[in-house]
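Naming follows writing order (A, B, C, D, E and F), and every chain is counted from residue 1.
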Amino acid sequence: MYLKSSYEIRDKYLRKDMLPTIFCPGCGIGAVLQYTLRAIDDLGLNQDEVVWVSGIGCSSRVPGYVNFDGLHTTHGRALAFATGIKMANPDLKVIAFMGDGDAAAIGGNHLIHAIRRNLDITVILINNFTYGMTGGQVAPTTPKGLRGTTAPYGSFENPFDIAELAVAAGANYVARWSVFNYLQGINSIKKALQKEGFTLVEFLSPCPISFGRRNKLKTAPELIKWYQKLSVPISKAKEMSPEELKGKVIIGEFIDRDRPSLVKEYEAYKKRAKKAMRWEE
Amino acid sequence: MRYPFPVGAVDFIQGDEAIARAAILAGCRFYAGYPITPASEIFEAMSIYMPLVDGVSIQMEDEIGSIAAVIGASWAGAKSMTATSGPGFSLMMENLGYAIMTETPLVLVNVQRSGPSTGQPTLAAQGDLMQAIWGTHGDHSLIVLTPATVQEAFDMTIKAFNLAEKYRTPVILLTDAEVGHMRERVYAPHPDELELIYRKLPANEEEANYPFGDIHGDLVPPMPVFGKGHHTYVTGLTHDEKGRPKTVQSEIHEKLIKRIVEKIEKNKKDIVDYEAYELEDAEIVIISFGIVARSAMRAVKELRKKGIKAGLLKLNVLWPFDFELIERIAERVEKIYVVEMNLGQLYHMVKEGANGKAPVELIPKIGGEIHTPKEIIERIKDNLRWG
Amino acid sequence: MAKEIYTKYKMAKYLRKEALPTALCPGCGGGTVLNAFANAIDQLGIDPRDLVVVSGIGCSAWIASPYFLADTLHTTHGRAIAYATGVKVGLPDKKVVVISGDGDLAGIGGNHLIHAARRNIDITVILVNNFIYGMTGGQVAPTTPFGAITTTSPYRNVEHPLNIAETVTSAGASYVARWTTFHVYQLIESIKRALSVKGFALVEAISQCPVQFGRRNRMKTPTEMLRWFQKNSVPLSKARNMSPNELEGKIVVGELVNREKPEFTEELNSLIEEVSEHYGLGDNNAD
Amino acid sequence: MIIRGDEPEQIRLLKKLYPKGNYFMQGDEAIAYGALFAGCRFYAGYPITPASEIAETMARELPKLKGYYIQMEDEIGSIAAVIGASWTGFKSMTATSGPGFSLMQENLGYAIFTETPLVLVDVQRSGPSTGQATKGAQGDFFQARWGPHGDHPIIAISSTSVEDSFWETIRAFSLSEKFRIPVLVLADGIIGHTREQIKIPDPTEVEIVYRKLPTSDEEAKYPFGDVHGDLIPPMPLFGHGYFTHVTGSTHKENGLRDVYTPEVHDRLVRRLHKKIELHKTEIQKWEEYYIEDAEILLVSWGVSARPSLGAVMKGRKKGIKVGLFVPKTVHPFPGERIKELSKNVQLIIVPEMNLGQVILEVQRFVRDEVPVIGVNKIGGVPLTVEEILKEIESSAERSRHRSAD
Amino acid sequence: MGWVITMQIRLAGFGGQGVILAGVILGDAAAIEGLNVIQTQDYGSQSRGGHSIADLIISKDPIYDLIVTKADVLLALAQLGYESTKESLREGGLLIVDTELVQPDKEFTGAPFTRIAEEEVGLALTVNMVALGYLVAKTNVVKKESVEEAIRRRVPKGTEEINLKAFRIGYEEGTK
Amino acid sequence: MRKEVLIGGFGGQGVILSSVILGRAAAVYEALYSVQTQAYGPQSRGGASKAEVVISDELIDYPKALNPDYAVLLSQQAYEKYLSLVKEGGIVIVEKDLIPNRNEELEKNFKVYVIPFTKLAEESTGLSLTMNILTLGFLVKLTGIVSEDAIEKAVLDSIPKGTEHLNLKALKKGFELGEKALKGEL
């Protein structure tokens, strides 16, 4: 595979007047953004027909940096806004760029219901285990025992497994990688973008400043090592006992299926309505 | 174009139904909602009509999601609407602020019921007036219309869409359970008879670069909708004219918010609407709105019969508020009565408008039943006797 | 008639008499659930004074609140579990039970449901799933079967229903079971187990709404609906060997999960102990 | 076990953890410490700038006092958990800012209607919508009054400095407990993030109020009845065997819902309003500076009151007869007192960090008496002494000309 | 430089330089001395790399303003910080800069704080303490000992000594 | 001309539907103004049911019945609750079999017609459910509030497909009865 230089990608897709980004050094969002843009580039998607939607948080600032139509909305509600965009104009491809707090804490309900409806959308979910923008509070994804400013003695709650939840709610495609799995990441995004229905690619992404600093994971190398220890490929996980899997995060493709999408179902619905009214045979 | 209900004809329908039909005629092609009494009938009618006119009607997981979807659809280019009642209206406050900040045209119908909290779900009230104006956080402005009859519910829905599109702002149609559920004769014009306004789109690429700039000098920027290659960025953060977030520069914030507020304030003449009944020689004026204005109208007629020079000012637009109009009236009358189905909300604004030129008295009522004309008349007569 | 019920019906002692008769329609499954709940309480010998029942908005929210004679908190739409979280933290020794409907707990309240399951807070949720928004007149719910007719899906539902029990299981609950109002005894047993488990417990009770759901979907009478439950229920053990196609439109019943996991209020209280120890704040350190 | 905050064990802990003396802290922290001293032992919240420091302080300190900090999945859940905890007997609090405050409106209405004591802190930031997240503002004044749907009363208080935030938070809890009503603390991002000195008192010097509890089973039967003639019903807590029913639907005195009888609704909603009206003098609080001979009166609140006072003092030095009125309880608004004062002044100036909100309230009371003008500033930078002084001076100049005419 | 009643001090840099912590410590020191002080900050939404400003008003009299209206002292640790704040320095005010990172266009004093932190203290992160020491020496706004007490209270546990060292080196530099 | 009609009964009698049909006949087929409202009570399912129709040739201000000109009372409860509201000299139509206890003193103020509508409906159409349409026919014929043609069209607009024949039969039976009443033959 020929990889374009990151300069080429940047020049083609980023809004220059918005740079530099607000992301801290060592933050993983930039990398995932690059994977997403590469996937778009590889697929040759029309820049004019892709809309980026986001909520509130560091990851949600991304639509500001990319030169596409973008809707930066309220906290947790990105997928509800996206439902309107997609259903009002199904020709648009909609990408939601979200953080874990945004998607799975305050926005958890919109997430599971958008999945249930099988809304045609690709969610790129940055999971950095914390609320980075507000200063590192505990998140529903924070691994047990790790610290946040609102869990100064270590989180005592059980964390969410977002990917597993997405599968249970009925998504068409779900994959999870760490930001260091860049080829798998790009391929998963490409797959997701080509599918109808709800697709989600979750990235374990470092936040050295708000999360790492409090948990002795200050530098990128420390984080890489931690992710390597933390993550288990799905194939391997299948052979492991629940005891062995405790505290681990499984990475890989969780589901790849083709249930009919909301846009398709609604098209059929309109036909059905007209038939019921005898407007059409 | 084929319509799933009679047009250019009279029908006998509920207020809720009238709102749904008028929305379809106004060009609304996206509806998102969530069940709530007494607004569900709007949603149910939309569910029947929308797929037939190739529009979308979708039920979201809550009211927060409903208004969010409506804003998204508006940026995708569709005229959009949602409807709710008290509890749902409260939930929508955050995203209503987002729509104001991003200058997103949409219509939000609040079929008021008796609150606070769950209150009396099936009974009417006018208790959300101040909330409609002040419910979301921060300095802001928007437009609030209020109908008193089913025909007005119909006409004002069309007007609401026109104002929303013209001024790129959310418009609230503040109706109530009584108007929503009553059936009345309604004339639905043929679409050819209607004057519909569509949002101003950017005339060229240069204009599209300033989705939040006053480029025409009328305070209303053209709206570059999604999917046309404009690559517009929309955010609820304080933003500059290009839409870029500028969260620490106070001048940019001041400029943006002042324009959003002035856009409504400076066009007050165009937006404000009211009906004056027997006002010319009135010594006593009742100011009222919505369903109870009809009781007040009846009361005025009865008082006139008794030789009391009463008049009625029925407000059709509650915000922007014409304080000067109230002052002009106050200058030439002896007393103003405010009749409303709450414990005093419009009253505060009337009092401020009257500017001490005439005493203002409140005739409130809560509990779900509208004022009877008798209640109004007796209160006024009582005062005449003693005052 | 009412008098007769009070004298003969054993569970009447658990009911708030001044609130009766209930507002439930004839044939509604809510009564069955109330009865099952009262029986479970009775069989476990739980003192109603040790019980707080929380509910949201909707017909099912009324099943126990106000009709059950305990402390009852009737809250806003979708938020019952969040209110219950506050109650449980404040009263960790009491049984906190949420009884409410599918639209309330899994529609607008879906987020609180999955987060409470994730925390594994010791609350028992009896989710009465009747596939519809009954109180507001029969609108489509996130549980409405694909293809069913409601007032807001007049041409058949295009959305897929949420598998509530499965979603809550994957979110991390200690105990999850699903039964229908046809399976009364199993329902009572599951409620008993749910009340006994330390952690988040969900009993999804599929229930009939003949007036708003059945009527529009060719099942006008409660018996028709119960027959439908009977015909379409598949025990979990059998379902495991069935293909997704075969399972389409079926109701999988049984205990989905029953596991021991750390519980929220216990973790919270042990954290407080740790902190107190760490800072030397205990009584023995009194200055 | 419910922790009320005034037991000997709690006093001992407070003394040990926060010895009496001088501290240097942010307004947000002062609010948190005020809550701790008031006996707040339950906090539920959700991260939001610029209120997160309150949550962070509570998360750090509450476990030390055997109290509970929990972080919910959103702001709606946060206030819901706080209401639930309040019914178990905890003094409870949540804090948020604009967007979160908007989300809480529905459940705030519930708390008002069910007469649930709680304190809700809104650290105001520059809005609408997400606006300027790190910048302070005073734009939620009317939202605080009218945010939830339907007719309802509310108490809202606003402090003017870091130390004031400590004491006003304690007062918020006292009013909330005493009158069984949610009390809003309208803080702002400027004071919230400003550090200055504050004197932390000995816990025994702080007067703590706890809600009235039923003294008999008979009283407990009417959780929403005016059983004592003071319009404030005792609160039968959960877990005491009272079998209390609490609902946000219109309810009778015994708590059972009745949503069809107009009189029941009328009686309940009017009592809620009268409860506040009747005790208004106790609820309202304000400060007055140099008003005896003032010709120009400043009315200013919250963060703007401080530079206003500076401007008044400078104005006085220049020989301008100017005074200042600072409402500390902003709802119910102490308009009657301003009306009284207005009789002797020629002009009222209202400096505030919004496009004109309190000014409307002032005008409503005095518009027929004296002209009222605003000094308004938005964008997150506080008003300065100089800016306000300029307005005072030019007003004084104008009125001198006028009287010369 | 002697000071009479009120001193307005502005510290400017970019996120990560510890500007705000330096402001907090200086404010705390003033509070320890029983002076009136208010300390505020302004920063970009990013945690790192954006502008970062700490403001202090220290006074023997009550303070009524909440922001620095005209700075008597401006400490700039980065060109970005300098450019955005230089207008706020009053005529004749004291400008202190990191001489290797800021090129001012008016009269100034200063030292290469960052290099000193790296080379003499051995930890670049302590640049804020070095600069603070220098500022305190130049202005005498508070006593050296009060700042040292404040440092002990405010810096993360285990880093007290290195921060004190940095402060003292900076203070020495300022007395030169 | 302002005419107020009150219809009271219990759930399942078709009270609301008949008020809608009457309002519709006036608004759509007579070019009159009309408002129809209904009360929501605690027992909307099987409990009391009340609907009002105001018809006028000019814009209707107050939308509810102040003193009904015509009242149709179909249950004992409705009779007791609403009879006293009727305007002096107004027309009161009473379902005979369902209202055993009557207030003869009060009735002297009105023109009262007492008819076993339910039984007649059952006899003429075989379906007691058509009672509301039959009663409507009677009211229209007796009062002339709208034309027979208008009410017939409005009935056809409002009833489920396949029941036209039955309902029209009931309506006609109502007209017949009304005719008799006008002639004083009842």
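Throughout what follows, contacts are C-beta pairs under 8 Å (C-beta built on N, C-alpha and C of every residue); 3 or more make two chains touch, one makes a residue touch a chain.
Keep in mind that this is a model prediction, so the values were computed, not measured.
Q: How short can a chain-to-chain path be from subunit C to subunit E, counted in steps between touching chains?
A: Step count on the best path from subunit C to subunit E: 2.
Q: Can you tell me which chain lies farthest from subunit E, using the average of the Cα atoms as each chain's centre?
A: Result for max centroid distance from subunit E is chain F.
Q: What chain is the most remote from subunit A, judged by the mean position of CA atoms in each chain?
A: F
Q: So the centre of each chain is just the mean of its C-alpha atoms; given that, what is the distance between subunit A and subunit B in Å?
A: 38
Q: Taking each chain's centre as the mean of its CA atoms, how far is subunit C from subunit F in angstrom?
A: 45
Q: At least two other chains touched by the same residue of subunit B: list those residues.
A: 48, 51, 61-62, 64, 87, 94, 98, 117-118, 122-123, 235-237, 247-248
Q: Which residues of subunit F are in contact with two or more other chains?
A: Answer for subunit F, listing residues that touch two or more other chains: 40, 42.
Q: Two or more other chains in contact with one residue: find those residues in subunit A.
A: Where subunit A meets two or more other chains at a single residue, that happens at 74, 105-106, 108-109, 113, 133, 135, 140, 153, 266, 269, 272-273.
Q: Touching residues of subunit A toward subunit C in the complex: what are they?
A: 105-109, 112-113, 116-118, 140, 153-154, 156-161, 164-165, 167-170, 259, 262, 265-266, 268-269, 272-273, 276
Q: Would you pull the subunit A residues touching subunit B in the complex into a rising list?
A: 15, 17-18, 47-49, 51, 53, 61, 63-64, 67-74, 77, 80-89, 91-92, 109-110, 113, 266, 269-270, 272-274, 277, 279
Q: Considering the complex alone, what residue numbers of subunit D touch subunit B?
A: For subunit D paired with subunit B, touching residues are 76, 98-99, 101-103, 105-106, 109-110, 112-114, 122, 124, 126-135, 137, 139-140, 142-143, 145-152, 247-250, 259-266, 269-270, 273, 354-355, 357, 360, 363-364, 367-369, 377-381.
Q: Looking at the complex, which residues from subunit B come into contact with subunit F?
A: Going through subunit B, the ones touching subunit F are 10-12, 122-123, 149-150, 178, 181-186, 291, 294-295, 297-298, 301, 370, 372-374.
Q: Can you list the residues on subunit D that touch subunit E in the complex?
A: Listed in rising order, the residues are 22-24, 133-134, 190-191, 193-197, 303, 306-307, 309-311, 313, 381-382, 384-386.
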